[in-house]
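Before we start, here is the structure in question, set down as structure tokens.
When the chains are written out, they are named A, B, C, D and E in that same order, and each has its own residue count from 1.
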């Protein structure tokens, strides 16, 4: 399952020209408000006919301007979770949820109504109409509806934007399972770097209708050049890791190329490959091995590069084993520690700051 | 300017009974999806007539079931930024923005169209119609429209949910200035604890139509009992502080009761009172004064209490000066450091982790 | 059996009585469809399931005859009528006029209207215009004529007092107590007002003939007379 | 009340009801199709179709009736064919009255439904399509329920129009008691004779009562349909 | 074409246009008000108002015309007052023809506008109110522009109806060439006499041409208004 998009679509005052590939798993479309994310998804879903180009799903053209192919929307079988909900106002929540079931390919595996209603906390609302739902409830119904149609691919446009943290925490693991177990490819639009980092295998960054960066999530998210896109607070590195073992006190030990990391207990068995995201501002740099600290994760490494920002901060790139970590320190600290390329340092990472949200199976 | 709400409104399957006071400044309405936030705001705006109770703004009743007072919507002069946008589809962005200007009280100070368009990045869109806007663009127009009507109070229902981090970073300081300079009271619904912590002077937590906690933001946000509401990652303490001085290398030195904190440069002059939010998972605990660390902020303190969670983590309450800090450490570290009430420790906080978003004027 | 008669609308009451008498006499039905003569004639042209046509307008009967739709030599002039000048509540209660070329009809009307049926289309209007013309009165009142789409509507304009005077059939005026007849137009002032009747070629048959004979029988004539009609040939 | 009206008059009432109901049954499906085509499709001759739909409104009813007579009469081009092929005769039958009423009501039916269709948010239909629903299914399960208040409004307008239709009907199918004499024809007949006003008034009262009853029912139905949509 | 029609016929064309335009000008404001009341307010007697609005559709036109005559005639209760107070006379004047056409068109105008109003999302009107706009202003700046396509549809339906209206008009104001002889009256006159079909046909053609032109213009206007709303 892979999606290939290469389209051109000029609008008054906005010119869309994007080409990218989504090789399966979760592909995050990332970009500022007005960058063209919804427009791209609309084109893939068939709601917008691009002026030129083509869109292939697993090699099959959904749209090809040259070959005059333009598969009708309902034959594309793409589950679209709209940014603006679009629930059927005259149908109950239950009828909304099951609307697509009739057209789902027979025998296709997938969750049932009860399972979805449970996951999304819609049980007590099944007999209401959308007019009597809160904003977040609507968003959940829209998600469930797309899911129950057993689509060949999910297109999700900010599906969790109106949800509270607790509800997100319930849905995100479900999305991870979808990604890992069902192999359902997902195109995911979100402004939350944490969500993207957690879910995405591929990240495509849009800016004013152009793709400015696309690639595996680890690379794009760790790219210091992308700091502006993601915001300073979200800059960080994503490291491949595998689970070494589970400790009795509820910690899981992960092996990364530069050493060991301790983490709140994970579900997967030892040996599972995973990814760990370490935000630059969660890393403390020390010039000697620190002692008597609550932080359990201390990786030795070597400064590779220093990059000064506009503020009083400096981004330090540290090689720990085969991977690159990013750390944000003040210029004052950089001077105090005499940080310079080649200097041997220790990266101190609080265990608990590698939160559940920032870990995803690779 | 203070808002007093005390209303009852039973709906089929949902029973709203809330009473709270918003003493001016920014009051955050916080609660899970479906908790009743929008319903409360609708009642205040006059779009919903509660079954019983009363709503007073600066002592003047907007609604009083007993006294049969129910001020019509347009006389309440409350700028409502709707969760669902509600732009006028037949008017251009410019006309949408200026719709309320005609009714603004003459001579009322406030930003002009150009200023608002600039702030919200709507300049190039002024002649478009809402149908040709992206989700985030719509949300910005809705915000600008409410602002330009020069309301006596702003009601904002998840106004930044569809916006990217960069755009939020532009709008949040503006909201802070609104709060601090114009004294415009704001009722603010958001699922983002970071936003709430930054903006709110008062926090009201709703659950299933009831107020479960209300009070000054520092207290509510630092309350370990509220961890479930805000999510584990967002637990932390809010400390009052004042600006001690600005350093030449771009750092600002803040005085808190327990010592000094260094922060990226702030705008305000020395002496300004402010607030600092320190997330529990950003605090490292050490049993001796650490050396050779990039972290500049090290506050000595004394363990007050330990609270074990479900996971492998322990929340440690530390008294630094007159304030209480929260730190999340693993059980393993707590044992290694022999943390117990009365133990003298050092709280290590990375300078840069006290991010701009987490500071607000008190 | 049932015989369908297409009859001018003004014959409704008379035809109802006739149908009852026919039923009593023969046990058969006469079913009458009433509409404007023009509508009926056109319908007959289009093959309407009618056996007998009684027209208020000889012109339409001529047309059907020309089209060869009438049964051979069945056409007969059935009824006569006359037109009268009437006054209603809109006119002075003591108004009395006699129709003659000297009549100052325009002056009598003052700024009121003279209600008539359409003077170029509906028989009562055509006869009325002819009569006024031959009396030399038409030109003076032409601009004051309010033309209704049928004679009953003209009668109603007078009855409601909207028009002080009107020209209608004697049969209509007699039955309406809102109006009074001022005078009858001399028979020689307009073409004879004749209601021709005929058997339709497509509907010809023994029973139709019987019904037609009944319509022209003395018993029927008595009924027509009772409703104010004159009998042609008397 | 049974002896308040004579048997012939009862016949007229019954016939008018039958004719009006059939007129609506006849014009609703075509009305919905035409309204949809006018609202959503663009095709050559769209303006012409739109014009034809409005014709019965523009033409004096007598003209419409006459045109119907020429077209659907036994000797008319279409009337002959329908008779030969399907044994369907309109001329001088109650079926013709229903046809006339349907055609006269058609512009009203189409306009009401078209306005309703134009008010439907096409993004909802798109959403249904993304869920795998083919066009016709989308129409039946999304568009149609959403335009139901409009369809009801169209139906009731059409019904009222059909109950009151006179000119085209009497011109097309004449005024034969028990066969083509509808209420308005009967009223007309009474108005044509001296002393018939009282009888006419009685029939007018019946006509108004029937139409008001239909109107009230339709309002209730439409409100219910609208409530479903508003979703409260 | 000038000598294709006689001067009297040209008069009829001009008069029909004048009458139809005035009928629309007359019925639109009342139509909008009535439609708004029926769509948005609830008040005692609402169903009765709704019924009265539909009456001209249900009643045979002749009856409507006669009722108008009794009410607005010189001797009618309202007609007399209007004459005394404003010098406004309807009987036998083109104004009466316009009144008759307006009343016959009224149910169509109201229905179209009402459907449009019911399709307006009240949340937009709420939004306008929160911005400080009083009700009437909200109506003028939000509701009215949003229902514009419906208002145009109502106006064109009404115009078409007015162009075709015959029965009520001739009953109320009769047929006075140059004053109340509208196109349909003229057409009717020709149809009554043997051999008048050709002349009638000419007038029908004129009537259809005028109405089609109006229809096309209205479609363009309505599409423009709808486009504004869809916002693309």
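Throughout what follows, a residue touches a chain if its C-beta (ideal position, glycine included) is under 8 Å from a C-beta of that chain, and two chains touch if they have at least 3 such contacts.
What you see is a predicted model, and the numbers here were worked out from it, not measured in a lab.
**Q** Give me the chains shared as neighbours by chain A and chain E.
**A** B, D
**Q** Over the chains that touch one another, what is the least number of steps taking chain A to chain B?
**A** Between chain A and chain B, the shortest chain-hopping route counts 1.
**Q** Using each chain's Cα centroid, which is most distant from the centroid of chain B?
**A** Taking each chain's C-alpha mean as its centre, the farthest from chain B is C.
**Q** Averaging over Cα atoms per chain, report the distance between chain D and chain E in Å.
**A** Distance between chain centres: 20 Å.
**Q** Centroid of chain B to centroid of chain D, CA atoms only: how many Å?
**A** Distance between chain centres, rounded to whole Å: 60 Å.
**Q** Using Cα averages as centroids, what's the distance between chain B and chain E in whole Å?
**A** Comparing mean C-alpha positions, chain E is 57 Å from chain B.
**Q** CA centre of chain C versus CA centre of chain E: separation in Å?
**A** Distance between chain centres: 35 Å.
**Q** Touching two or more other chains, which residues of chain D qualify?
**A** If we look for residues of chain D contacting two or more partner chains, we find 62, 66, 188, 191.
**Q** Residues of chain C touching 2+ other chains?
**A** none
**Q** Residue numbers in chain A touching 2 or more other chains?
**A** Residue numbers touching two or more other chains: 84, 132.
**Q** Which two-chain combinations qualify as touching?
**A** Here the touching pairs of chains are A-B, A-D, B-E, C-D, C-E, D-E.
**Q** Inside the complex, what are the residues of chain B that reach chain E?
**A** By the definition above, chain B touches chain E via 45-47, 72-74, 76-80, 82, 84, 86-91, 99-100, 102-104, 129-132, 145-146, 149, 151.
**Q** Taking the touch rule as given, give the residues of chain E at its contact with chain C in the complex, in rising order.
**A** That would be residues 62, 66, 69-70, 73-75, 91-92, 166-167, 170-171, 173-176, 185, 188-196 of chain E.
**Q** Touching residues of chain B toward chain A in the complex: what are they?
**A** Spelled out, the residues of chain B in touch with chain A are 11-13, 31-34, 37-39, 83-84, 124-125, 128, 132-137, 139-140, 157-158, 161-167, 169, 191, 193, 228-234, 247, 249-251, 262, 264-265, 281-282, 284-288, 290-296, 311-313, 327-334, 336-337, 348, 350-353, 355, 357.
**Q** Could you please specify the touching residues of chain E with respect to chain D in the complex?
**A** 47, 50-51, 54-55, 57-63, 107-108, 111-112, 114-116, 118-119, 149-150, 153, 157, 160-161, 163-164, 166-167, 184, 187-188, 191, 200, 204, 207-208, 211-212, 215-216, 219, 226
**Q** Using the touch definition up top, name the residues of chain C that touch chain D in the complex.
**A** 4, 6, 9-10, 12-13, 31-35, 39-40, 42-43, 46-50, 150, 152, 171-172, 174-176
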